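Look for chain A in each of the two complexes below; its partner is chain B in the first and chain C in the second.
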Partner chain A sequence: MSEQDKRRRLAIIASKGSLDWAYPPFILATAAGAMDWEVAIFFTFYGLPLLKKKLDAAVSPLGNPAMPMKMPFGPLEKIDLPIPNLIMSTVPGFQQMTTALMKKTFKKKGVASIEELRDMAVEMDVRLIGCQMTMDVFGFKKEDFIDEAEIGGAATFLEFAADANVTLFI
Partner chain B sequence: MEIVISKKVDCRWMYTPLAVVHLYFAFRELRAGEVVELLINNEESHADVLSWSRMTGNPVLRTREKDDYTVLFVQKTN
Partner chain C sequence: MADIQITETLDCSGLLCPMPVVKTNKAMKKLNVGDVLEMIATDPGSIPDMEAWAKQTGHELLEAKEEGGKYRFLIKKTH
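Here is the complex of A and B:
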């Protein structure tokens, strides 16, 4: 292969599965795919559920004091009032509400959903590698994941990352 | 020079990386030499498309500023 034919390469480890942290791997993977880079994402630990057929990524304000989300609708939209996380985040159901608010705000603002970004990544032939160790520890089966997911380990990722131009741990 | 548009892609009200992703998918349907008319309305998308253009070698032939959005004419070269 000549130097000219060599495609750039992006290698990502996705280790977090909450809704907010699910965005960076898929945004960067699809941006790189759009530039015709070769891309692989290695899903490990809490990132692994991002391979599930039905995504259920949520976001919690608990322990996340930087979360600046405003109310996406209603009279509070104009006010710079962060979703209160100090007391409210321990109230049952609050995480579900925060997740719904974040999804609603993103959709309203024109941000793609994680599902949409993942579909685009698949369409671009981004390699989606699930970590076997995490699967066995947390009790996931290959059938739980989308058909395009492959199974691999640390060496699988490193072999790909060895020739990567950009490598990220997220 | 008259630019012949092969495809129009409206990425207004979209955020990163959607402008370049939609460009990529549009270009997959086109032949070399054909041009996409891309509509965007934020700086982020504009910066993204210029980076994408430099990385892929597909040039932005012309930029047209409208009242509340920008039109980029992007040509597929390979």
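Here is the complex of A and C:
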């Protein structure tokens, strides 16, 4: 597609902020950016913390029975470890361990970190819109977020999404 | 197809989706029209992804094939 053609457009609502759910919006946004699409992500509710300067997304096996648990290294690497998640996820420190394991596994397999993907999105001029209403409700300030974040509401997102070729709620 | 002059080589070995297409697009921006980028990847998903990327961006995928466990792409910058 040549420069003068109208660019395709991707509009995403990111409503979840756990480490696993942080991936789809950023992967799709950067892939679309790599195809020279115009992209905007609207971060709302639990997705809003993904705009924080210091990311601290975690993942919990609680209520997540489909989550495969494999040790990323060592003799257990090839073995599926079914996690009795209802019991284990109440053990103090288990969520931190699960988060650390997921990060380590992703890194080892060659998956970019959320930080890297977000930096990439910024570089591609992906619009990162923080939801004003969520900020008010959960007590976030504009200064909590990366400088590239803009603040808007449902109408801001819809105005962009009105001309989108692909619109996703994640 | 005999003598394709490779302008630049980009190694995306060990990287998974979406990094091969992201890095390829970034590398393409630095080239001139007519230049050919060679991209090497190990992600099996890079074959369909690079085909889709080429269709979307309009750059010409001259070659996409597996060579000894690696995937090699030749992309010509068209605009």
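We adopt the following convention: the second predicted complex is superposed on the first by the 162 of 170 C-alpha atoms of A that agree within 3 Å, B and C clash if a C-alpha of one lies under 4 Å from a C-alpha of the other, contacts with A are read in each partner's own complex, and residues count from 1 in each chain.
Here is the rule we go by: contacts are C-beta pairs under 8 Å (C-beta built on N, C-alpha and C of every residue); 3 or more make two chains touch, one makes a residue touch a chain.
Worth saying up front: this structure is predicted, and the values here are computed from it rather than measured.
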Superposed partners chain B and chain C on chain A - clash or fit: clash
Chain B versus chain C as contact partner of A:Ala162, first or second or both or neither: neither
First, second, both or neither for A:Met120, with chain B first and chain C second: both
Which superposed partner A:Ile27 touches (first chain B, second chain C, both, neither): both
Where chain A meets both chain C and chain B, residue numbers: 8, 27-28, 30-31, 33-36, 109-112, 120
Of all residues in chain B, those that touch chain A in their complex: 13-18, 20-21, 23-25, 48, 52, 55-56
Contact footprint of chain C on chain A as seen in their complex: 1-3, 8, 27-28, 30-31, 33-37, 109-112, 120
Sites on chain C touched by chain A in the complex: 14-19, 21-22, 24-26, 42-43, 49, 52-53, 56-58, 79
Residue ranges of chain A in contact with chain B within the complex: 8, 27-28, 30-31, 33-36, 109-112, 120, 123-124
